[in-house]
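Labels A, B and C are assigned to the chains in the order they are written; within every chain, residues are numbered from 1.
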Amino acid sequence: MSQVPVLEAKGICKYFGGLKAVENVDMQIQKGDVFGIIGPNGAGKTTFFNMCTGIYAPTKGEIFLQGENITKMTPDKIARKKMARTFQNLQLFKFMSVLDNVKIGCHTQTKTNMADAILHTKRYKRDEKYAVEKSLEILESIGLIDYKDTMAGNLAYGMQRKVEIARALALDPVILLLDEPAAGMNANETDSLREFILMLNEKGYTIAVIEHDMKFIMNSCNRILVLNFGQKLCEGTPDEIKSNKDVQEAYFGKGIVAGEAVKVNG
Amino acid sequence: MQKIKDFYNKYKVIILLVLFVIMAVIPFLGIETLYIRYMCNIMMYATLAGSLNAINGYSGQMCLGQAGFFAIGAYTGAALSKNFGVSFWLLLLVGGLLAMLIGFLVSLPTLRLSGIYLSITTLGASEIIRIIAQTWTPVTGGTMGIKQIPYPEFFGLDMFRPQYYYYIFLFLLVLFLFVTNRVLKSRVGRAWMSIREDQIAAKSLGVETSFYKSTNFMYGAFWAGVIGVAYAPFVNFIDSTQFTTDVGFNVLAMVVLGGQGTLVGPILGAAVVTILTEALRFLESWRYVIYALLLIAMMWGRPQGLVGASKSMLAGGKIKVKEDKAKAKAEGGSAK
Amino acid sequence: MGYILNQLLNGICQGSIYALMAIGYSVIVGVVGMVTFAYGEVMMIGAFSAYYIFIYVGNNLPLAILAAFAGSFIIGIVIYKLCYERFFTAPRHISLLCTIGISMLLKNLAQIVFGPETKPVLNVVSNKTFNINVFGSTLNIRLLQIVIIVLVIVLAAALTLFFNRTKYGIMLRAVSQNKDASYLMGINVKRTALLGNCIGCGFGGIAGILLGIYYFSVSATMGSAYSMKAFAASVLGGLVDIRFSALGGLCIGIIENLGIVFTAATFRDIFAFAFLILVLIFRPQGFVSKKGARV
């Protein structure tokens, strides 16, 4: 693993007043990983993501995207560097069509300005063509092509999750950050989501995912980072995590849940 | 409603062409000059309301200061044409650009603000512009205003009759709709709408929200300025009382009545408000009372406006409305 | 120097009226959670309620203030029912437009009912002036100014006591912080919000008649100009914080009156807004340091 990590965090901290939401966390995500971040409620997972994507500025520490320091960049600049994310509580453009949602994802890939739009210049035509084709292609691959004209807010919950992922994919990301993608899904939906994520990974996307659902994480990730009270508890492969005492105590309670997870996995 | 939409989409070009021809021949039908004037008013307010709608309806920033941008256009047009004889057509551009510049300045503090703070800043800016107009006598005529503003000239033809203005306003309205439609259907328009829907999500997708909020403001201000330039010679006399916050509120009412976030809405809103205020003239001072009551009734009955989709961000959204109804029912159905 | 001192005094006096307006406004925004553009008309109604007391009962200031409070309190109920109650979960612009409608309605109704002309309010407080020598220049304090400043302080203190010591006050504070949680705690949120709105309006009404006494006149259209100032002062204070709003009102009053020392009187109205915009550029949340303003 001598190559530059896709996403690297070096000792980042985030304090909200006296609360240490994230404390001195290191992380390296390599190309091709499905990287899981788990931890109990309030462990600082989402805060950690928010720092990676520039929504919060870290109190201390640095973040690198493909070797480039992005610590002080704004979210839109980071998006330009091709890091895409979804949100824990679905921040879709609910009152726009699915296609338009994904088209907005193409924002960074296109350059049309107002003059182009008014005069319908070559650039406008090329960009529109790109946006439509790219969006349709993504929707096709996700299986949402039939819903392209539906208003995003009218879709079923699981579908909305997919639209959000589709929108993120339109950025053509080098890394995709998924914040609790299975939250609120039923077992079937979760399964299909897992398959979907693995399929994306096969296509070459690097993915980082926050999740509560142990089964989901254990079965889809190849590396896992465990956070507890804002601190890194341990990091490793699913098997290492399962056997780790600290994790069992902090997260699984007395190992009951872990046992189940192992069973499912085995 | 859906049927009308389908029909429209099918014969879009023909319908628009027919509408345009109808609009274009109206002045030849021998309609009384007074009514032509009303038509001019409607088209002027339609453009002004449209310019506000471009801000409020599409990027979701609640601008209340459109009267200020309008005033800048009007005063620029009036002062320059009167004192220096600058051509009206050039002034359209100059007034628009100046309003755009002010729009940019106003947008600077508003970039860090949101919601009501933004509204009050725009409102304050509009008031400041009005007060400057009222006090800067050498340029704006102070409380005396500017009288006898020169008529626009078109290839040597003095355009002083309402029939001529009719074409000016029609031209501006069509131009505005055409340009705005194109902008909205592009990457720029989508960026605006993404800001309206969810600013954080928009940012995370690489939309430079500050830049687009600012351009959105400038765009709206530009058109308000343009229509202001055309307004000045049309009424032939301007003073600061024509640009009070009440005027701004009135334009806002047109936008909301017609339907925010739609292109047709502001036109319809402008038509309804203008016709109402004229038709109710016989009621004298009661007409504003009626108008106010209608406004409130409208907000109760159809908050998304006449043509606004019931399922839109601006109508409160489907999900929220459902909750609302459920709550209202639970509490005894006072909502009915 | 004497001129500046006197202007400062005028500023403090006018500022304390603005402070009262801003307090009322902040109570409304804080408890109801929505802004209003009908506040100027509420003040006007308060002023007219008191005016008719002066006409029919005589120059009885306490009674007039009570009437102003009651008059605008009742209007507060109407506004609440028409503009807020249905729209708690709706987008903000809907209730905002409703308040604009109410403002238009009240303004025009008032012109029909009360008449469009400006009505004099004279001799409510005797015209006594105290001349005090400060640093070699004379400061003219009018009895009227003392009365106004004292009244505002007393009212503000009473409101603070009400908010901190009474059950209703605590309920109001709870609702202003978190409606859902208050709901779960068994507070009737709608009724409490109604009460908050009415109290805010009542204070606006009192501020209205104080303005009437200060300028010796009331009129149906007096509202618009002052509602903008109440709004500005309240925004300065972060919209929901009563103490800071009062401070904002005071600042605007002082700045206006000192501003015209150095420029022309016609510029008076610019200062309030210019100051507001300046503050907002550097401190987007107004004077308040916490980022709690939820509006």
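Rule of thumb we're sticking to: a residue touches a chain if its C-beta (ideal position, glycine included) is under 8 Å from a C-beta of that chain, and two chains touch if they have at least 3 such contacts.
Only a predicted model underlies this, so the values are computations on that prediction, with no experimental measurement involved.
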| item | value |
| --- | --- |
| Chain pair bearing the highest count of C-beta contacts | B-C |
| Chain closest to the assembly centre - both centres taken as Cα means | B |
| Farthest chain (mean CA position) relative to chain A | C |
| Separation of mean Cα positions, chain C and chain B [Å, integer] | 31 |
| Geometric centre distance via CA averages, chain B-chain A, whole Å | 41 |
| Geometric centre distance via CA averages, chain C-chain A, whole Å | 49 |
| Chain A, residues touching no fewer than two other chains | none |
| Sites on chain B at which at least two other chains make contact | 313 |
| Interfacial residue positions of chain A with respect to chain B in the complex | 53, 55, 74-76, 79-80, 84-85, 87, 91-96, 100, 103-108, 110, 112-114, 116-118, 120, 124, 127-128, 131, 151, 153-154, 167-168, 170-171 |
| In the complex, chain B residues that touch chain C | 56, 62, 108-109, 112-113, 115-117, 119-121, 123-125, 127-128, 131-132, 134-135, 244-246, 249, 252-253, 256, 260, 285-286, 288-289, 291-293, 295-296, 299-300, 303, 313-316, 320-321, 323-324, 327-328, 331, 334-335 |
| Chain B contact footprint on chain C (complex, rising order) | 35, 37, 82-83, 85-87, 89-98, 100-102, 104-105, 107-109, 111-112, 190, 224, 228, 231-232, 235, 239, 264, 266-267, 269-270, 273-274, 276-277, 280-281, 284-285, 295 |
| Chain B - residues contacting chain A, complex | 179, 182-183, 185-191, 193-194, 197-198, 200-209, 215, 219, 311-313, 317-319 |
